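Pasting the structures in now, so scroll down.
Each of the next two complexes has subunit A plus one more chain, namely subunit B in the first and subunit C in the second.
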Partner chain A sequence: MIFQLLVGNLTHGLLLGGVYGVATMGLSLIFGVINVVNVGHGQFIMVGAFVALTMFTALGLSPVIAIPVALVLGMALGFFFFYTVMRRLIKAPELTSLLATFAMGILLEEIAKLIFGADFRGYNWAVGKITLPITTIPMSKVYAFVGSIVIALFLYFWFSKTRLGTAMRAVIEDNEGARVCGVNVGWIYALSFAIGIGLTVMSGVLLTMFIPVGINPYMGGRYTLKAFVIAVLGGLTSPYGAFFAGLIFGLIENGAYTLFAQIPGVAPFPLTVSLAFWMLFFLLLVKPTGLLGK
Partner chain B sequence: MKKTLPKYYPLIPVFAAYLIMFLVGFSIPGMWQMVALLAFYCALGQSWNIFMGMTGYVDFGYVTFIALGTYGMSLGITYLSQYEWLGIGIIVIGFILALFLASLSALLEAFIALRLRGAYFAIACIGINEGLRYLIEGAKFWGGSEGLIFFGALVQALGRETVNQLTTFWADFSVFIIAALAAFLNMHYMRSKIGYALTAVREDEDAAKVMGINANKYKTIAFLTSGWLGAAVGAMAWGLKLGYVYPGDVFVIHYTVECIVVVLLGGAGTLLGPVIGGLIYGLSKYWLAVIMPGFQLLIFAPIIIIIIVVAPEGVVGLLKSKLKGTKLEMFIE
Partner chain C sequence: MKKNYLRVLIFMTIFGLLFAANAFAAPPSKLVIGHPACLSGKYAKAGEQAIGGVKACIDWVNNVYGGILVGGKRVPLEYKYYDCESKKEGVTSLIERLITVDKVNVVFSAYSSGLTLAGAPVAERYSMLYMDHGGASDRIFQQGFQYIVQTIGPGSKYHVGTLSMIDHFDPEAKKVALAYEDSEFARMTMGGAEKHAKKLGKKIVFKRTYPKGVTDLTPLLSDMKARKPDIVVGGGHYEDGQLFARQMSDLDINVKALSLVASATLPAYYKALGGGIAEGVMGPSHWEYGVTFSPDGAMKVGLDWIGPGQDEFVSLFKKALGKDMIPDYHAAEAGAQVLAYVKAVENIGSVDQFKVRAALGKLKFMSFYGGWDVDDTGMQIGHSMVDMQWQNGKRVIVWPLEAATGNLIYPKPKF
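Moving on, here comes the complex of A and B:
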């Protein structure tokens, strides 16, 4: 009985994990290239969720169309914030970049509250469900998972096959060396930041399939923290590492929740969240390069 | 040469500012609450700044100390108020408990701080903060997510009259003392062996170690000091003053960010900075809450971003460059 429950929940965890992976790739990319931890990361996910919600409820468009829209909007936001703020903070001490990205997050939250109000909202993209012997899975979640795999593969090809992608990897590896080899590092900074934010906003669209009534201007903070855990698990500077770490995190989260729920007298949900952070703490002490790191 | 400067002159403007704030709040009716709020921000900024200013580490999980301080006081009062003979002693014990809990967490975090740098340290500290919050809620100890409500117990133990005085005057007054103490300790550290050692470490850690400087020891001292002061503020300004504590109210990263904003506005790593920053931040927050309630953050966020980009050295940084070469220079640090 418990075994069936566990396997069922792990299946859901894997699907959610794919979305977590995409939601963290942007954080890792930005940290890898410009060495800035985006403390306002989750708020960009929130923007994506509102893009999906607005397009679905106001225009009746399916989330599939919201994905490219979110990417474009996210990249525009990324370029905007890069050229107005981040460009000046790349060489500055962490103090300023941490505070600046946090302030960006607050700004997005407050603008979203101004436009949409602070209520919890959601939408239901009814595209059927599949019934497995152990559990029932809504098709929307499956599509979100497939979407996250496609995005991850796309990014893989971008990094390995295109000139710009290779240049980005070069900057992550060795900033000065890339500059010497003729890479326009300034442009790579801007583009990486924009792509990082674009990916993050896009992941917000995918995430809405998992939170039927959880869209709210203040939903982001929680995902920032999860993204930290996942990013560290994946090695912090590696976008692929982040994707696989996302899958692992989704499994651990749902698995741990199922097991904690069996213990009487505790609150399983907060305990699961807590576990994630102790895991983070432990990882940072033992293996700061991440599970998949060298 | 810096060495010829009298040791503690830069403390004069800081103490003067605190004294004026106190007198204004004490003598003008209706001003006490606002002045207490300003002192709260100044004290937190000053305490946070000790570790950041001396080591360059950004403790993004600083609110953990404030929260644990609040819990220390709350636990002390909740579990000891039944022993009547302790009297006012429960507050003393609560305060000691606050410092004790903060020490534990500071040692744990210092353990990471000695290994990790920059972003990794900031993330680890956020991790500990959230881990503790959800552990309390999940494992349901210290009252779990329902928190501890002990105002009634406090009244029963000490009487309504005493409690009134404690919460409306002494809790706030102690924040002034903590703020002044933080400024003094900061100055003292800057002008003694630990300050020089940490400067050497910040400039070049390996070279400092070769010279025989025990970097870890000094970092830990600075971190513990910073943590104790934060816990003291939490114990008095939140625990004792409010009479309740919920994990979701106290382990909130926003408060760390407020500390950072205060410090950055005034001037990071300076002595006078947190005072000026605390005054600017506290006053504008108070004022915005009055004229446009609900929109403070919408206005603050872009202002913070602009300040970071335009004047990252803060007010004191600007002041220093203006006063360079004049007599007043020795009062600004």
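Moving on, here comes the complex of A and C:
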């Protein structure tokens, strides 16, 4: 029974890990290119969750359709915040940009509260379930995972096969060198920030496909913390690293519970949460640049 | 000797003047209820209900009842509240502000046991009457606080009715699973449920907690599924209660009865989850629309009655919030608390904190919310709970049988 439970939970963990991965790629991309830690990261996830909720409840549209909408909206928000706030802060002390992204997060929370209220909302996208001998998996989770893989692959090809993607990688490696080679670094900064935010907002839709309840303006904070852990685990400047670290994090979160639950007199949930942080601590000691960081 | 007489005379004069000042003090022009309310954050839903309930009953006291009778004069009630954002630090600083800046006459606690407990020492420091309509943990009343009085029932009793009801309809349903939030309130509630389940001869096949703010219950629920329970009793608050039922449905965990505390009873619960998931889910409730408390009923059991009837309360509640929404028990208990304060003040004709607290200790009455009586620690002992179940999008009272507005759907429909 334990084996069955473990495999079942690891399956759910892998699916959730894919979503965590995409949810963290934006954070890593923004840090990699413009060296800004987006403390308001979770609030952009919240925006994506509300995009999915609104499209489903008000327009009756599937969350799958909400994915590109969230990307476009997220990129628009990214460009807006970049040209109004972040552009002036790229060379500013780190604390300034931290405070600015924190303020952006608060602003988004309050706007969401103004529009939607503080209720915990949810939607019910019933697209069936797969019943396996080890567990039951709702198809919405499978779609969320497939969506995450597609997005990660798309980003991989975009980074490695397109001129803009190559320019972005060049800026991550050495922005002065990229400038000398004729890369419009200012535009790359803006585009990277917009894509980073777009990815993050899009991941909010994927998260609601996985967990379509508890949507409220203040839901972002808990995802910010997870995203930071995953980003450090993957290597802060590496979006691919973030994706793989997301998968690992999801597996640990779900798999460890089953093992800890076998220890008599132990509450497995708090131990599961702390395990991820212990792993991070260990990794920082052994490989401070993270799994795929340089 | 002469000096001594003089001292006694001065002392008696001062004492006499103070006594006279107190005895003949003009009654206050108004009485103010202070409230660190949960307008935002995780308890916003219950907080909104509480505000609506307080406003509705204040409206009734001021405009129907004619105000509170203090010192031979009827004075109105006022309501001063701020948003504590469902946070402990907000509660403590706001209670201090309400007492020292706004000079309120009584403080109503914020929603939840944790927030109520956080605010109690502050109220106690200022010897301020602290009325608890949202903190059900028994532990609040084991700290020796002098100024706290409870309107909501104690947490340990929440699932007593639920389990008795299932035992009544299906004594063969023996396997109970307890899965709940690791919070003050839920621990107390589930402790009571475990004790009662054992008393009924049930077997606890699963007992686990999950942390506050949890985003995924899949591993815990998978574990629970493997134990094949007949009855699942769980939850903690609204947010995790939604997640709980949703993920039980995702994992196809079908049980005979599912009762979730402090979430399933909220009107928004069904809307957030949809009928396929929420149908048949139960919850213990301090009050539901449809209960039949009335002045006649109060008379039969020898209790005084005060306050609006059920329908009048509902209409005042809707007016207070400006929404066409049926109140739930969070509103009713907060409203009943206003009535308890009014009764206590009128019984002694004073607003002195210590005296009002003592009067509340002796108070027994009935309102639309039901009975009201507290023990020596201030814990509510006069109010009994009901159990509700979602049936076709409506909350139906299913237990106790004498208060039921419909029949229990058992076993619970499959997800």
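General observations
FYI, the second predicted complex is superposed on the first by the 277 of 294 C-alpha atoms of A that agree within 3 Å, B and C clash if a C-alpha of one lies under 4 Å from a C-alpha of the other, contacts with A are read in each partner's own complex, and residues count from 1 in each chain.
The rule is short, and it goes like this: a residue touches a chain if its C-beta (ideal position, glycine included) is under 8 Å from a C-beta of that chain, and two chains touch if they have at least 3 such contacts.
Worth saying up front: this structure is predicted, and the values here are computed from it rather than measured.
Superposition of the two complexes onto subunit A shows subunit B and subunit C fitting side by side, with no clash. Of the two partner chains, subunit C is the only one that A:129 touches; subunit B does not reach it.
When the two complexes are overlaid on their common chain A, residue A:31 makes contact with subunit B while staying clear of subunit C.
In the superposition on chain A, A:253 contacts subunit C only, with no contact to subunit B. In the superposed model, A:121 lies in contact with subunit C only, and not with subunit B. Applying the stated contact rule after C-alpha superposition, one finds that A:93 touches subunit B and leaves subunit C untouched. In the superposition on chain A, A:229 makes contact with subunit B only, not with subunit C. Of the two partner chains, neither subunit B nor subunit C is touched by A:240.
Applying the stated contact rule after C-alpha superposition, one finds that A:211 touches subunit C and leaves subunit B untouched. When the two complexes are overlaid on their common chain A, residue A:273 makes contact with subunit B and with subunit C alike. Rounded to the nearest 10, the superposed model shows the Cα centres of subunit B and subunit C diverging by 60 degrees about the centre of subunit A. For the overlaid pair of complexes, the smallest distance between C-alpha atoms of subunit B and those of subunit C rounds to 5 Å. In the three-chain superposition model, subunit A touches both subunit B and subunit C at residues 267-270, 272-273. By the touch criterion given at the top, residues 31, 35-37, 39, 84-85, 88-89, 92-96, 98-100, 102-104, 106-107, 109-111, 114, 221, 225, 228-229, 232, 236, 260, 265-274, 276-278, 280-281, 284-285, 288 of subunit A touch subunit B in their complex. Subunit A meets subunit C in the complex at residues 1, 4-5, 8-9, 12, 16, 113, 117-124, 126, 129, 131, 135-138, 141, 210-214, 216, 218, 222-223, 253-254, 257-258, 261, 267-270, 272-273.
Every residue of subunit C that touches subunit A in the complex is listed here, in rising order: 39-42, 44-45, 182, 208-211, 213-216, 218-220, 222-223, 226, 238-239, 242-243, 246-247, 250-252, 268, 272-274, 276-277.
By the touch criterion stated above, subunit B contacts subunit A in their complex at residues 52, 56, 58, 60, 111-112, 115-116, 118-120, 122-124, 126-128, 130-135, 137-140, 144-145, 253, 257, 260-261, 264, 268, 295, 297-298, 300-302, 304-305, 308-309, 312.
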